[in-house]
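What follows is a set of structures for review.
First chain A sits with chain B, and in the next complex the same chain sits with chain C.
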Partner chain A sequence: MMGTIFGIPPQALFGQLLLGLINGSFYALLSLGLAVIFGMLNVINFAHGALYMMGAFVSWLLLTQLGVGYWWALLIAPIIVGLFGIALEKTLLSRLYKLDHLYGLLLTFGCALMIEGGFRHFYGVSGQPYPIPEALRGGQNLGFMFLPNYRGWVVVASLIVCLSTWLAIEKTKLGAYLRAATENPVLVQAFGINVPVMVSLTYAFGVALAGLAGVLAAPIYQVSPLMGSNLIIVVFAVVVIGGMGSILGAVLTGYGLGLLEGLTKVFYPEASNIVVFVIMAVVLMIKPAGLFGRER
Partner chain B sequence: MSVPTQGAATVAVQAGGSSLARIVGLVALAVLLVAPYALYPVFLMKVLCFALFACAFNLLIGFGGLLSFGHAAFFGSAAYVTAHTVKVWGLSPELGILLGTVAAAGMGVLFGSIAIRRQGIYFSMITLALSQMVYFLALQLPFTHGEDGIQAVPRGVLLGVIDLNQPFAMYYFVLVVFLFGYAVIWRTVHSPFGQVLKAIRENEPRAISLGYRTDRYKLMAFTLSAALAGMAGGTKAIVFQLATLTDVQWQMSGEVVLMTLLGGMGTLSGPVVGAALVVALENYLAATNLPVPVVIGAIFVACVLLFRRGIAGEILARFGGGGR
Partner chain C sequence: MNARLLAGAALTALTIGTALSAGSASAQGVSGDAVKIGVLNDRSGLYTDLGGEGSAVAARMAAEEFGGKILGKPIQVITADHQNKPDIGSNIARQWIDQDGVDVIVDVPNSGVALAVQEVTRDKKKIFLMEGPATSRLTGDACSPTGFHWAYDTRALAVGTGRAMVKQGGSSWYFLTADYAFGHQLEADTAAEVKKAGGQVMGAVRHPLNTSDFSSFLLQAQSSGAKIVALANAGGDTITSIKQASEFGLTQSGQQKLAGLLLFISDVHALGLSVAQDLVLTTGFYWDMDDEKRAWSKKFFDKFGKMPTMVQAGSYSAVRHYLKAIEAAGTDDGPTVAAKMKEMPVNDMFAKNGKILANGRMVHDMYLARVKKPSESKGPWDYYQILATIPGNEAFATVEESGCKLAK
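Now for the complex of A and B:
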């Protein structure tokens, strides 16, 4: 055995770091979706946490009602959440683009209350267990710690999704249209690109990311109507810390803060709930635009 | 200095120009005075506490253009401080509420100086995040008693004379607190300070170019709003003899946003109307099988899409001739 690191047994340290990395994966996926949506629509999507919960619930319903397993849920749930997002954008959000951005926040807050309240009404507040898929049970002994396969998968999957989203936005033609439409929608529309459709699809993609995060989270946390509401507030803090200027910034900040939270759980567990908020306050004091942000 | 006289002139115009408003105000006051003879006093006191809370919140959004999504932090913390000082330290109710207000003001200075570093949506997210931090602290600190909250807070004897265990005495005390808070807000909005605040809301760069240190004004408004929200929270703790996590949760912040939005942002009477409607609605819904958050959320969506001026705002726009 290695003994201890700063008086902490390495098993505990790495265990908490892994948990931090898992949390960080969800922060990254959610803040990525928020940043993509904000870039295009100038709306902070308060319903993001509720849609994350919806993703988890859809996969749970697919399994218990229809017998559809995890791997299909990984595809179907984000699509359903994305379609729901399109409906939301087309019927409600699109009416507010000319107004102050704060109305978008208020509208999506109302939507979040309705979605969460609806699920709560029908399924109660207690969590529903979701089994880990067959292929990902068990774990690896890495020598210094034990790594459950499923947790490793979540970290890898979210890294792949985040990186491919970044590549798609920065390196593809579609991404270039998107970035152009973010800067000047009128001009892009004049070039013959259907900007309203692009806006809808962007919103759908952003919330589908939240839905995907929900499916990934289902086997780790219990599926409950309240799983999204506290998470989204932490993700807001993450977004403030990172600044919404860059996609990569949102992702890096997500993982970094997850790890920091894990470390705090090891060394000073009482503060683990509030460490992200304290860091937010400190960052605002030193660099108000956020670590990767630009002043607007 | 020409600014104060200019402000005073506006006040005179506004006060003199609307004798109708004065009559409505007097009628409203008369109704509040006789209301406990017709309605359940606890319900009325709840309405008044939330009305003051919503008015305090409205001072920021309606007159400063700052949407705080974390006002429950001030309301709830003051409730805890008042409940603790009255129950454990044995202070009188008025001192307890005063300490709660002071604590909320202190937090307002701290949170305000962090939050005003960003504008618009970011400001909302920062206030929400800071209030969530307060929620976690309230969950963990020993004196708040976690999930149980502080229960069985004695109402005590006001100024050593009036026994607040009598419902009518309690009601009129709450009414006085509310009227005091409302008067402070009225005075603030109609002062030169309030005019500068409105100028900042309309066009901040221009206010800066005119030589106003806008950050200082915003911080003062934030602190005042936090203090008044705290006064509402402390009073609520005495009325219900209770301070719990519900008071510091984000749902509470959302509720006060809804009250103000529904009643009319930027109008003085709107938040009062909104608070009365929301409290009455919740009372009604509690007896039915309908899920409260869904109804509240639907009202939010309807307000944002259909009548952004709120109830009082719509009435003023139609009959008031000139709005604000």
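Now for the complex of A and C:
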């Protein structure tokens, strides 16, 4: 048989790479939303983690209070989170566009703390269990590892969403409007396009992606008020490495770092929550705009 | 991160603002104009549910038994969040003692933080009642003449769960360990017990505190082929690892078994019985064991909306014993009260004939329990079947074994 790769049997390595890909799916989905929002609104959305958590909680509430199952939650929860995003954007964020980035960051960070604090007050930190939907229970024995069906589904779903978002922004007319509106909002408005509405919708879409990631995450992690803050710092690092505002960059970096983190967990597990930041520091030194970002 | 620090600073600023200046310590009577009990624990992170506000509720229940007054002075309970950071924890402790006239610090889950606070209270000669932290070092090389370790420790968990699982045929072990003081100590103590009982340790993987995805570590545990995968972690980390172990079919094959080395009833409540069923655990307290425990827990439930964990019940017991010692000694002077506490047996709903060793270890019976199946449970919080009582002197180390230098 084959030997070992750096002292690790290849089977174990494949397993870890696959797991990395699964975690990367969440990074990609979340950093995609962040990148869309930053690209179009120039807002560093620190509330992203809290909205991801909200997505998970909405689906849990739908299930336990109204008996609405996973598949409907997949549709309804992102819409609810998106509507919440519109309210946030219309009432608070829209007042800050003329100011420095820092104000948007502080505002959204404050919102995140309040949303999290609210959920923590009512539901505690240990979280609520959310069952895996009937159709996706069980798993496949791949020979080198046992892959739960649900995790496989997460990878597929996230790939589809990331790909179609990228296509929509880069290849459709609506996407072209959006990109134009960020370059020069006044001119685009002069063509008769309602830029403020477009901006609101973009924000809603960005946070709806976070909500969707939350629904996908609910059956894997405990639905807990802390789930967002556990993830958000890493996701920001992903966006910085990929290049602020670069959509393709965010997605590719998300999957890439997931893989890398997976490898770290085999070779030096203690460093697994630092490795992303080490890479971030190195990337910032060599390419300050990020791997896929353009220098301005 | 910075904002968290700011929040911490604001919180400490708030406690200074409201605090009264401490009077000079005297050998008789109560220093300052109140006996101040500072409950210091995780109030926002992964250990909130096992202690948190519940520990403060329990401390207040103990104070109420004395009519809220002792030696003619009021008893006050204040709280703060150490955010699982040793520097923040020891700063709050110092601030409390130096400026706010706090007489005793209670709870402090997270062994890393507790070790830091123990340094402060030892220096300042103030009482430190530990219910939340686990590491047996607190009554070992890091012991203090005024430090008391109350509810459980890593050695008791190791003796309880470690021995029991080896006896049931779990001869080979693999550890999933939280990478800080507590995890390391729990792994070391358990590994020692396992080897003593004739078992074998195949390996261990260390994961960072507060990890959200355990699948990679679980996969490593799975491929180790060990019969027992032992979780040397706590709170949110334990919940996530158990949940994901069930997702990855770790235990379904029947070849591997999970051992939650430190499992609180709050964890079982969060997981649900269908995931947690049949886990074997060691605990210092279970509410549904006798009438006294049931009555107290019912009272606690009415105030707090949840059944008490062993940490919360222990906080009640420790604060009550502390107040009784003040009453008996006629002073709240740290070393005098500490000596009195060690003289008196601990008798309350938490412990029967508990005795406190010279190193501060409160020795009481521990219990080996099994999590019920959903079909066996009569309703919420009916979670444990008690399998065995582990006598206190078996569960906890003697002063000589502990390595504490205080012992005469």
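The criterion applied here is as follows: the second predicted complex is superposed on the first by the 286 of 296 C-alpha atoms of A that agree within 3 Å, B and C clash if a C-alpha of one lies under 4 Å from a C-alpha of the other, contacts with A are read in each partner's own complex, and residues count from 1 in each chain.
Going forward, a residue touches a chain if its C-beta (ideal position, glycine included) is under 8 Å from a C-beta of that chain, and two chains touch if they have at least 3 such contacts.
Computed from a predicted structure; not experimentally measured.
Colleague: Clash or fit: chain B against chain C, after overlaying the two structures on chain A?
Modeller: clash
Colleague: For A:P288, using the defined touch cut-off, is the partner it touches chain B, chain C, both, or neither? Pick first, second, both or neither.
Modeller: Touch status of A:P288: first partner only.
Colleague: Applying the document's definition of touch, where does A:M227 land relative to chain B and chain C: first, second, both, or neither?
Modeller: The answer is second: A:M227 touches chain C but not chain B.
Colleague: Determine, under the contact definition given at the top, whether A:N184 touches first (chain B), second (chain C), both, or neither.
Modeller: In the superposition, A:N184 touches no partner, neither chain B nor chain C.
Colleague: So, A:L96: does it touch chain B (first), chain C (second), both, or neither?
Modeller: A:L96 contacts chain B only, not chain C.
Colleague: A:A12 contacts which: chain B (first), chain C (second), both, neither?
Modeller: second
Colleague: Under the stated touch criterion, which partner chain does A:K265 make contact with: chain B (first), chain C (second), both, or neither?
Modeller: In the superposition, A:K265 touches chain C alone.
Colleague: May I ask you to decide whether A:F109 touches chain B, chain C, both, or neither, giving the answer as first, second, both or neither?
Modeller: So A:F109 meets both chain B and chain C here.
Colleague: Based on the superposed arrangement, let me know which partner A:F277 touches: chain B (first), chain C (second), both, or neither?
Modeller: first
Colleague: Out of 235-243, 289-297 or 307-315, where does chain B run into chain C after the fit?
Modeller: Clashing stretch of chain B against chain C: 235-243.
Colleague: Using the superposition on chain A as set up above, list the residues of chain A that contact both chain B and chain C.
Modeller: Comparing the two interfaces on chain A, one with chain B and one with chain C, the shared residues are 109, 113, 120, 230, 233, 270, 273.
Colleague: Note which residues of chain B are touching chain A in the complex, please.
Modeller: Residues of chain B touching chain A: 67, 69, 114-115, 117-118, 120-122, 124-126, 128-130, 132-133, 136-137, 139-140, 250, 254, 257, 261, 291-294, 296-301, 303-305, 308.
Colleague: Which residues, counting only chain A, touch chain C once they are in their complex?
Modeller: Residues 9, 11-12, 15-16, 19-20, 22-23, 109, 113, 120, 124-129, 132, 139, 145-146, 148, 150-151, 220-222, 224, 226-227, 230-231, 233, 262, 265-266, 269-270, 272-273 of chain A touch chain C in their complex.
Colleague: Which positions of chain C touch chain A when the two form their complex?
Modeller: Residues of chain C touching chain A: 1, 3, 44-46, 48-49, 179, 205-208, 210-213, 215-217, 219-220, 222-223, 235-236, 239-240, 243-244, 247-249, 266-267, 269-272, 275.
Colleague: Can you tell me which positions in chain A touch chain B when the two form their complex?
Modeller: Those in contact with chain B are residues 44, 92, 95-96, 99, 101-103, 105-107, 109-118, 120-121, 229-230, 233-234, 236-237, 239-240, 270, 273-274, 276-278, 280-281, 284-285, 288.
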